[in-house]
Every structure is written in C-alpha cells, then in structure tokens.
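Across the two complexes that follow, chain A remains constant while its partner is chain B and subsequently chain C.
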Partner chain A sequence: MNIEKLKSAHKLLCEYKYELGKIEKGYTNRTLYINVGDNTISEKPVTQLMKDKFIGGKGFGLYYLWHAVTPKTKWNDPENEIVIGSGPIGGITQYPGAGKSLVCSISPLTGMPIDSNVGGYFGPLLKFSGFDALELQGKADKDVIIFIDGNKGTITIEEAPEEAIDSHVLGEQLTEMYAENEEDKRNISVVSAGSAANHAYMGLLNFTFYDVRRKQIRLKQAGRGGIGTVFRDKHIKALVIRFAGVKGNLNNADDQGKINRTGIKLHKEIHDFDAQQCRMRQVGTANIIEVMDQYDLLPTHNYKFGAHPDTHKISSKVFTGMITQNTPDGCWYGCSLSCAKAVDHFELRTGPYKGQKVIVDGPEYENAAGLGSNCGIFDPHDVLELNFYCDTYAIDTISYGTMTAFVMECYENGIINKEITGGLELNFGNADASLEMLHQMARGEGFGKLAGLGVRNLKRIFAEQYGGDPVFLNDIGMEQKGLEFSEYMPKESLAQQGGYGLTNKGPQHDEAWLIFMDMVNNQIPTFEDKAEALHYFPMFRTWFGLNGLCKLPWNDIIPASNKHSNEPAKIPEHVQNYVDIFNGVTGKNIDKEQLIVQSERVYNFQRIFNIRMGYGKRIHDAIPYRAMGPVTVEEYLSRADRYDGQLKELVGFNPEGKTTEEKMAALRSYREDQYQKLTDAVYKRRGWTMDGVPTIEHLQAIGMDLPEVIEVVKNHL
Partner chain B sequence: MKVLKRKPELCIACHACESACSNTWFKEDNADKSCIKIKEEANKNVILSCTQCGECISICQVEAISRDKNGIVRINKNACVGCFMCVGFCPELAMFMHDEYIEPFKCVACGQCAKQCPTNAIYIEQE
Partner chain C sequence: MIKLNNRDFEWEEGLTVQGLLDKKNYTYPKLIIKINHVLVLSEEYASTVIRDGDDVKVIHLLAGG
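Moving on to the complex of A and B:
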C-alpha cells in the first residue's frame, strides 16, 4: 500500500480553521455544516429549542434535514443531506453502548427520511472535536475526502482520485494516511461506502474503529435505507476524523460520579449474568439463531416458513467456533456487553478479493438469517462470504437478504427466468448465484444492478416488464414503505405485525420487538394491551437514538431485580439507569415519564416529516400479506393444524370438508381485519386520527406544536 | 512476584491498612481511596484486595493494563479511557473507582498496609 502516492494525488479544495470547542454537560452547542458542491464550511449554534425539543442524535438529524429539503426533494437532489450526530450521552465511556452515531437522510428506497444507528468511533470523536452534529450537503464533481482534525481545529476537503472505494481497503488506507503514527491509529475513524453503493439503492455507510489488539480496522454499519447510496451520489469517498486524547470525562458531565457508578453496576451485571443469559460477549447477536428456529420465527425461503431442518448448520455453536475468541469487542469504549464479533483470516473464494484472507465483522443474527436461512443458504462459509462482501461493497445485509429471498421466490415461480437473470440460477439455496448477483451489483452490471433497486421497484418491474401477477408480487414482496423487512417472521404475532408496520421508517425491528411478549408469553392479549406496547416501546427505543445509545444493553442483559418487577418487559432498573445517566450528563432532572415525552416529540415530528414528503398515512402502514399469514397453499399446509384450529376457535369457521383455498381465504380476511383493528387501537393510543395523522391537540399536549409542523398537519386533518 | 496475602480470620477491622494505603497513594486518610477494603459483615470481616490474577488485563479494550516485569498488574493512566469495565469484571472486587478520579486504582503490592496491620492478617508474600 503506497500511502504517499495516494496522498500526493490529493488536491486541496478547501481548508477551514475553527476554534476548538468546549463540551458542557454533553453538548458542544455547535454543529458543523459542509457543502461539497461549492466547498463551503461553516458552524451553526445549537439553539435551546433544538436541545429542548429534539435532544440530539437523530432528533438533530431530522430537524436539520427538515429544514434542508422541500416536499419535492428526491434522494439524489443536491439539497438532500446526510446528517451525522451522536447525542448528549454519546461519548461517555462508562455505560455500555454509549458511542453510537445516528445518521439521517432522505432515502433512495423510501423517498422519505431514514435514520440509522451505528457503532464505530466517528460520532463521539466528532463531538470531542467540537461538534454535536455534521450536515453534509451538495454534490461534488469528483470524489472527495473530508478530513476533520479535532486536535488542530482544521477541516479540509480534498479531491482524492486514487484510493480504493471498497471499505475494508479504504478504511485501512485512510487510517494509515491520517494517523501520525501507529499509536495514533486508535484516534482515527473513517466513514465510507463501497462500490455497490455507486449502483444499488441499498447502499450503507461503514464506520470504523481501530482495533488496537488486532491492529486492524473494524467496520460497523449504518445499514438501513440506502444512506451509502446518497453518500456516493454526493461523490464523497470518505469522511475521516482524528481526535487524540479520549478520556472518561470529556462530556463535562454534571455528575460524573453518578455515571461511573451506574456504569460499574451494569458492568458487574454483565460480568455476573451474560454467560448464562444472552452470551453476547461470547457469540454476539448470533446467539438467537437456533432460538428463533425453535419458536418458528426464523425467516426461511422468503418468510414462507419459520424454521428449517438445516438451521443447525448455521447455529450459534457453529459460528462460535469460527469467531476468533478471547477478545470480546465493543464498538465504543466501555461496552462490556461487547457484541462486536469478528472472524479473522477468512479466506475468500469468490470476487475481486478471491484468495485473500480477511477479517469479517460478524456474523450478526440479521446476517445469518437474511443472507442465510431466508435465502435457503445454510453453509456458514457462504454466509460469512456474503457478509464480508456486503460490508465492503457497502450493501445493507438486511435489504440484500430480503430482496434476494424475494427474487428467489420469483425465480422458482417462473416470474423471472434465466434469460432475465442473465444466467443466474436463483433457486433457494444457491449461494453461488447470490454471490455473483452481489458482485454484479458492485460492478453495476446485469441482473445484480437491477436487483439493487430493492423489492418495491422490483415488484413494479416484474409486473410491468415480465408479466408477473401484481397481486401475488405484492403479497410476497417483503417491503413496506420501500424498506425491506428485517429478519423476523411476524406471521403469527399480530403485535409484531404492528411492530413492523406501524413504524416511521419502515419495517425494522428497532422500534418494537414484541414477538415473545405477544406470541410466547401472551402478556398483551387485547388490542389495547398491544396498542399500549406499540406506544411505549417505540417511544422508549426512539430515545436511544436521541442520545447516541445502543439498545442492546437495555434488555440483552437482565438484572436480578427484574424477577420482582411488575413490568419485566420494560426492565425497570435499566430504564432508571438511563434516567440517571441522562440527568448525570445534562444536569437536568427528568423522570421515566418525561423520557417518553422526549421521544414522543421527535417520533411525531418524524411521522409528520413523512407526511410532508407524501407518505406517512394509513395506506403506507399496510403490510404485505406474507407478513400476516400464509400466501400459498404450501405455507398453509406447513402449519395446517395451527391454522385449522384458529379458524375454529377464533374465526368461527368450521374447516371440516373445506378446501385449503377456502380455509386460506377465511383466515386471510380474519387476519387482515385484525391488523386493521390493531391499527385503529394504536393510532388512538398515539394521539393520531384514524388516517394516521397526529392531531393538533396531541402535538400541543406533548410540546411539538412548532409552526412549521402545524402547517403540514393542518392540510391533512 | 510479590502478592498481598490475606488471612481474614485474623482481621479485627481496625482499618489501619486503609489509612496506610490511601495516605501512601493519595496523601490523605480516606478509606474510599484505599486499594484495600475491609468490609465488616455480620460475623466476619472480609478483606478486598488484588491477587494479581491478571483477569483485568484482557478486559481492557485499550491495553491500558499490563503486568510489569515484577509480575504486578498495573494501570497505565495515560492510555486508560476511564470505562471502569475492569472494576465491574474484577473477580475479587479489588479494582476501585472514586468520584474524584477518572481512572480506576488497585493494589500494587507495595506492602505499606501490611506494615501497619497489628495481627498480620495481611502480609506480602513472594510467589
């Protein structure tokens, strides 16, 4: 790697100097604006209104994005922004999961705001360098790198023609280039995309951290919604930040001791219980693969089924053997839950890096399920190879997995054929075909390029150009609002159908994961119970994104006190921890109810932002029938006893002597009706009209009645 | 290597060790700043102190903890980012935090406390 040569090809386009900031109680009170179209850089003050109403992180991101775009803005218009920020708690090193960056943009897949939560060091280092958030706007002519030196107070935009595009190479090159020496590498974080983000709508952003023990960079993904595609469309090759001097008190917290004690308490819990509970330190999120299979929840063959006899081949045990041991890693300092896993020295068998030994960041549950079981692929090496290439090419593994599963079902149903796929035999289980499609996506060629447009576009194209039945395509295409479903089978849990469908950005489980509460433990039997859960959990979980936090340390480790709690699903002791660290950092004095109101404001703002962009109403909350029940005879028969029983007990329809088609129709009308009733209950609980629009009274009650917000809502009431 | 050894059954909870330790390292008589702690429980006294087992070494993500040439487990304060994971993960509960400091502290087997112990409940041993 000839770094000098790469560097000497750089052309300086703009240099900006700034006063190093001071962080007070979690805020630098300043944000950074960079326009790569005209190479301007400026600073903006953080207003009291922003702090009061939007808190930080995703709140700031949505706020800036709202003011940057118009209702007509498309993802690839220059005014679209990518906003990156942490949040007031972000960057503390004592409480696990406090180093997240939140990224917001108008999504190529959905046409409305998307937000993504990502590890790696960029967000905290941005704050320590003096900025609560970074707005990127405009479009460069040629590929540029933006470098922020948070110790010197300089920012440069440099034309950078020669570096790699793919993240695993580019991240190393830039870490080497901008670090002053080996010791300094830990102070660098790079944000980059990859070659497939040049073509596909499901492009992601990789955020690095330097792993001092492996002496290599690690990649964490802002996966959902195609933000990497926007990044490449702006001709940004990378953002690089350097900040040396991370200590535990840089947030200038109001009460550091309180934060330390709360953090130590959780470290101790993780030390005592993780090995018996989730085994996050040992195997990470992949721990649940076989559990999902057991409960019939592991998406298999495009969500047709929830289990497969071959799941044991990609079980957590198999991956545990492949993950390099003894170095539990956090994606930011102080994360003792340490779900970040890696397989070292993985030899690639396909593609441009064939034969090289690489480090694969993963496997995570979503990857094993999406790239694996959902596509009928049960070889762990194939899952890792797909995982690696998705990451370095900058492709969201969830969208890729769900899209590939859809395409495979279309192929097996004859909607598309070898001629259309250019020879790819996209049967379930064909890992080679999936890999080749991914490589095509990176080259911008053939069927892979088309596939990169995502399920929503493919449904239309398959119907319009290849004569596919639009009704069937809509039933089996697992997307909503343009975003592909994440990897849980919601068919048998009405609450989770709502957890996917009644969301702001699309069917991602980060708002609510209620399957166990609903289906396994039967804790939320009525519509009102479900609606309460679909109010509380999305609000609670939104709060992580306002503060720069990770969700996992909330309920992937359970404190001893939970046994005696009357609301065990909420993990009350941990909720109190969050109240404590928020107050400890900011010096405010919120309680657990006010925490929810903080989220409600931003949540409703985002809903109204969707409405402003032409979405966000009841029709957009509809979900494909595959998410609700059996679309095909094959699916019905696979669970015939369960479905027959339900027809008898719940629907009052006697299945005796009826054809499968008749039974399917009866079940379908029942389940679709249930979803509508759930939607009514949830809208009511959230203070929305039956069309899904927040009412003015509700906005006033929660304190989100800003004039620009009311202006939008008025036209939809 | 030198290790501070304990015989809790001999401990009379006079807390002289805590004073000695905090005076040595923090120049004040303050049990909260001691690397050894005496906990008085119902019918016994418990001595919390480091066994130099080294488990905290691999816990630290930034390699701020290492064994020195004499086998003593030490913290490099410059590299430490104050996460206190080592505090939560020490099997002996012998890594400590005090609100006034952003790095943890622990026993380095200097032996000052043992000198003050009237019953030899703690003593330095070469292993």
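Moving on to the complex of A and C:
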C-alpha cells in the first residue's frame, strides 16, 4: 500500500491543541466533543454529578446522548451522537478484562438508545490521552478521519478520500500511516466501519489493536444496534488514536496494592482452572457450541429447534484445530483469559477479497450459532468466511445471522421466492446464498440491501408487498424493539424469555443469561424468584459497562471457593473482587449492595430515555411467540413428549385424543399467560408501574430523581 | 425415586453421580453437585453411589457471552 499517496490526498479541516491531562483515581475529569458537521472541537469538564450518578462508560454515554438529542431525533439526524467511553476502572492492566469501550447512540434498528461494548485499545488509550469519553456529533460533507495524538495533545479532522472503507484494509492503512515506526504500531487504535454499513441498518464498529506477534491489526466489534451505520452516515471513515507509554499505574489508583493483589488472585485461578472449565485460552467463547446443542439451546433453523445432528461439524473441537494455538490473545494488556482467538491464513473463496489469506477474528460462539446452526450451515469454513466478511464489511454477526435465518424460513414457506430474492435460493443450509446476500449488502444492491434493513422492517415489507401473513411473520421474526435476538434458545426457560424481553436495548443476553438457573437447576421456580434474578443480574451486569470491564472474567472462570457458596450463580468471590478494584481505583468505599444501586440508577435512566423517545413501555417488552414456544406443527412434533407432558403436568390439559393444533393452542395460551405474569413480577421488583414506568418514589429511593428525568416520567404515570 | 434439582427422577440400583450425569447428558463442565446438602467432588463422581430417596442437586453455573 502506498501510504504517502493516501496521506497526500488528505485535506486538513481542523486542528485542535489541548493540554495533556492527568488521571486521578480513574478519571481524567474531562471529556472530548467533536462535531464533524462544523469541524469544532472542545473539552467539557466531568461534573461530580456525572461521577456520582453515572459512574462512567455507558453511564456517561447515555448522559451525553440524552442531552444531545430530543424526543424527535432520528438515528440519521445530525444531532445524534456516538459516544465512546471507558470507565474509571478501564485501562488497568492488573485485572483481566479491563480494556472495554462502551459505545452509545440512537439506533437505526430500534429508534432509541443502544449501547454496545467492545475490546481493542481505543477506550483506554482515549483515557490515557486525557479524556473519559468522546462525543461525536454532526455530519460531514465528505469522508473524514479524526486523529487524536495523545502524546502531542493534538486532534485533527482530515478529509480522507482515498483510503479503503472495509476495516481489515483500512485498519492496516491507518495503523501504518499514523504510527511513527513499527514499534509504535502497538500504540495505535483505529475505529472504523465498512462498506455494508453504508447501506444496512445493522452496521457495526470495529476497534483495532495491533497484534505484535502477528504484525497485523486485529478487529474487535461493537456489534449491536447499528452504530456503524450511524458512523458512516456521519461520513466518518475512521477515528484514530495514538498514545505511547501505556503502564500499569496510569490510572493513578487510590490503592494500587489492592488492585495488584486482586488481580494476582484471578490470574492464578485462570492458570489453575481454565483448561478444565471453559477453555477460554484455547478456543474462546466457542467452547459452548456443543454444550448448547446438548442442552437443546443451540438455535437451529431460525430458533425452531435447539439441537442438530450436524453440530459436531462446527463444534469447539473443530475450531480449536483451526484457531492458532499457544499465542497470547488478550484484547487488552494483562487479560490472561485471552479469549480473542483467531484463525490465521484463512483463504477466502468468495467476494472482493477472494483468494486472499486473511486473519479471521473468531469465531465467537454467537458467530458459529448465528451464521452457522441458526441458518442450517454446518461447514466451519463457511462460518469463518461469513464471520470475516461480516467483520470487515461492518455487519453485526448476530443481527445478520438471525435476520438470515428469518429470511430462510420465509423462503422455505413461499413468502418470498427467487423472483423477489433476485435468484438467491435462500434455503436453510445454503451458505453460498448467505454469502452472496452479504456481498450484495456491502455493494448496496439487490435483496442483500433490503435484508440489511433488519427483521422488523422485513416483516412489514413481506406482509405489505409480498402478501405474507403478518401474524405468522410476527411469530417467527426473532426481533424485539427492532433488535434481532442473540443466539440462545429461550423456549424452555421463562426466566430467559424475560432475560431477553424485559431489557432496555432489546434481546441481547448481556443483561441476563438465566437458562441454567431456571431450566436445568430449577433454582428460581416462582415468579418472584425469577423476578429477583431479573433484577439482580441485569443490574450487576450493567455495572461492567459503567466501568470499562468485560463480563467474562466474572463467571467464565470459577474460583475454588464457589462450591461452598450459598449463591454460587453470583460468583460471590468475584463480586467482591469488583468491589475491591473499584474501591482500589477510585478511593471510594462501596459494598456489593451499593454496586447494584450504581447500576440501578443508570438502568432506570436508560429505561426513561427509551420512554422519552416513544418506547420503553410494557407493549415494547412483548416478545415473538417463537421465543416462547412452538409456532409450527413441525416444532411441536419434534418435542411432542416434552410438550404433551407439560400440558398434563403444568396446564391441566389432557392431550390424549387432541389434534396437534389443539395442543399447540393450549400450550400457547399457557405460555403467553406465564410471560405476562412474569412481566408483572419483574416490574414490581424493579419499582415500576404495571406499564413498565419507573415510579417517582423508586427514582427517589435510588437517587435518580434528576429534574429532567422526573419531567419525563410524570407524563407517563 | 430421587429428587434431582427438586424434580422427581427415576432411581435405579447402583446409580452413581457419573451415571446420573450420563443419563441426563449433563456435559457442562462447571457443576456443583450435592447429595443431601453434602458436596461431591468431581474426582468422586464415578464412585459416589446415589441411594433411593436422595436429594441431589446438580447446579450448572451460568454462562453466556
């Protein structure tokens, strides 16, 4: 690549100089605002209110986004922002999983706030460069690159017409361009999207880190909700940061020794137990592919079933053999869990990069399940090829997988046909058709462009334009709030139906994953038990996003003490670790109960933000019936013994002599009623009205009774 | 009959913890198993016999990305 030629085409639009800052107890106490519409750059102070009520990361993102938009703002309005931040713990190197960035925006898919977390180096480097968060606002006329030099204290906005759009190329170009030499490449992180984000609503953001062993960039994804689409709509080609001098003490923690001791304890657990537990260091999150199949939880054929005879072809053993072994794969310094696996020298067989050998970052579990089993695709090479192109084109693998599975079921049911798809034979298992649809999405052509609008829009289009039955389409279209479901089968776990449905941003499992507790362990049998779990776990997991932390080191490694715990699902020793490192960094003195309240404030703020944007009520928490039970006779008959047994034991309905349709109707009536009762119990536990609105009394009790928040709520009580 | 996670489960003579895991296809690696509230260590799964009427808990520690 001719970097000089690319760079010489740049036109400087704006240069800003700033005083290098200092971090005190995890905060720089300053954020950065960049408007690419009018090329203005400024700094904002972090107020005590922000730190007390919103902590950082996703909290800061939602706070800034609230004040940037109005209830009428759409995703592609210039005032919509993309806010990126780490959090007070973010950037420490002593405790695994402390390099996350949290990204917030108004989503093209849902029309309300979305948050997505991502590894890679950008968030910590932003903090070390002097800023707790970055707001991007406005819309540029032509493609621009923003470059932050955290050592020199300069920020530039540059028109950049000639660089690539796709992330695996662009990331390399900009790392080469902005690094001072080979040694300096590790100090660069690039945020970019890709060509499909120009057309599809499910565009993602890639965050790079430079892999010094491979001497190539690696890509981590802020996948959910279409933030990459917003990025490209703003005509931002890339956001680049450079900071040299990462050290373990840059957060100026209040008690570095406490952080060191806590980290050493966890490193030892990972060393001692990971190989017997999750094998994160060997195969990453893909370790659970066959486990999910064995428990009937691996979505196959658009969530019709939870297992498939061909799953062994895409099992973790298969991918273990393809992933490069014995190399450190952490996405931030000091993460010994090292789940960021990669397949090297993968030769592409389709698309614009056909014949090239590339790094595929993954496959993560969600990719194998979404791009693979859920679409009936069981060739690991196809999964990797789809994974690679989704990443570099900037398409969320989860939304793409769930959308494709939906489209395939519609195709097999005759709702759409080859005329409508432009010749694509979108049967389950047709990897070539899925790949071509993805390439079309990147080119903005044909059926692929339509598919990029996501399941919610496709349901409407298939009903209005192609005569599809809207009831059936709503039953099988696995989206809620406009966001596609992530890749777990929730049919047999009422609690997980709530874990998907009773969420702020839509059906993503990062709030709660309760299937084992509920379906297998039977630990939360009553509505009140489930409601308690659907309070605690979403609040606990929200906290990772306030602090720049990854969830995996919490419960993907289990300490020896856990078997003696009264609440093993919470991993109490690790909860205490988080209390300790928060106090160690910030100098505060919270306990595990106060940790939950910190999250509760932001969680309720986000709920009210949704309400402010016209969503966030009970009606928006409904889920498609495919998430609750069998929509089709085929599904019922595939697990007839299970369903017949439940009709007898739970519903009080004798299935003998009844038609399958009669049995399905009885089961559906029961399960839909169960979900409503669960919703009642969860709203009550969360301090909300039965319409899902946080009460003023509850907001006062948790300390989230800000005037602007009350102003919204009081109109809905 | 035994109780397995508070649900009835058919008991048979000589049923071990490992035998129970095999019957249920419980392949997940992060388990806590207790019989009548007493912890069973993983190295004892094959040799620990479950008796008729026992209260067995096989707790899968939750995961999810």
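Keep this in mind: the second predicted complex is superposed on the first by the 716 of 717 C-alpha atoms of A that agree within 3 Å, B and C clash if a C-alpha of one lies under 4 Å from a C-alpha of the other, contacts with A are read in each partner's own complex, and residues count from 1 in each chain.
Here is the rule we go by: a residue touches a chain if its C-beta (ideal position, glycine included) is under 8 Å from a C-beta of that chain, and two chains touch if they have at least 3 such contacts.
For clarity, every value in this text was computed on a predicted model and none was experimentally measured.
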Query = Touching A:638, do we find chain B (first), chain C (second), both, or neither?
reply = neither
Task = Could you figure out whether chain B or chain C reaches more residues of chain A?
result = C
Ask   = Which of the two partners, first being chain B and second being chain C, lies in contact with A:247: first, second, both, or neither?
value = first
Inquiry  = Which partner chains sit in contact with A:488 here, chain B, chain C, both or neither? Use first/second/both/neither.
reply    = second
Ask   = Does chain B (first) or chain C (second) touch A:257, or do both, or does neither?
value = first
Request  = Answer with first, second, both or neither: which of chain B and chain C does A:270 touch in the superposed model?
outcome  = first
Inquiry  = Quick check: in the complex, which residue numbers of chain A touch chain B?
reply    = 93-94, 186, 212-213, 246-249, 256-257, 260-261, 263-271, 326-327, 329-330, 333-334, 336
Request  = Write out the stretch or stretches of chain C touching chain A in their complex.
outcome  = 5-7, 25-30, 32, 39, 57-65
Remark   = Counting only contacts in the complex, chain B reaches chain A at residues 58-59, 61-63, 80-85, 87-89, 97, 99, 102-103
Key: Footprint of chain C on chain A - complex, ascending   = 276-278, 285, 288, 290-291, 294-295, 364-366, 486, 488, 509-510, 513-517, 520-523, 525, 551-552, 555-556, 558, 562-564, 568-569, 571
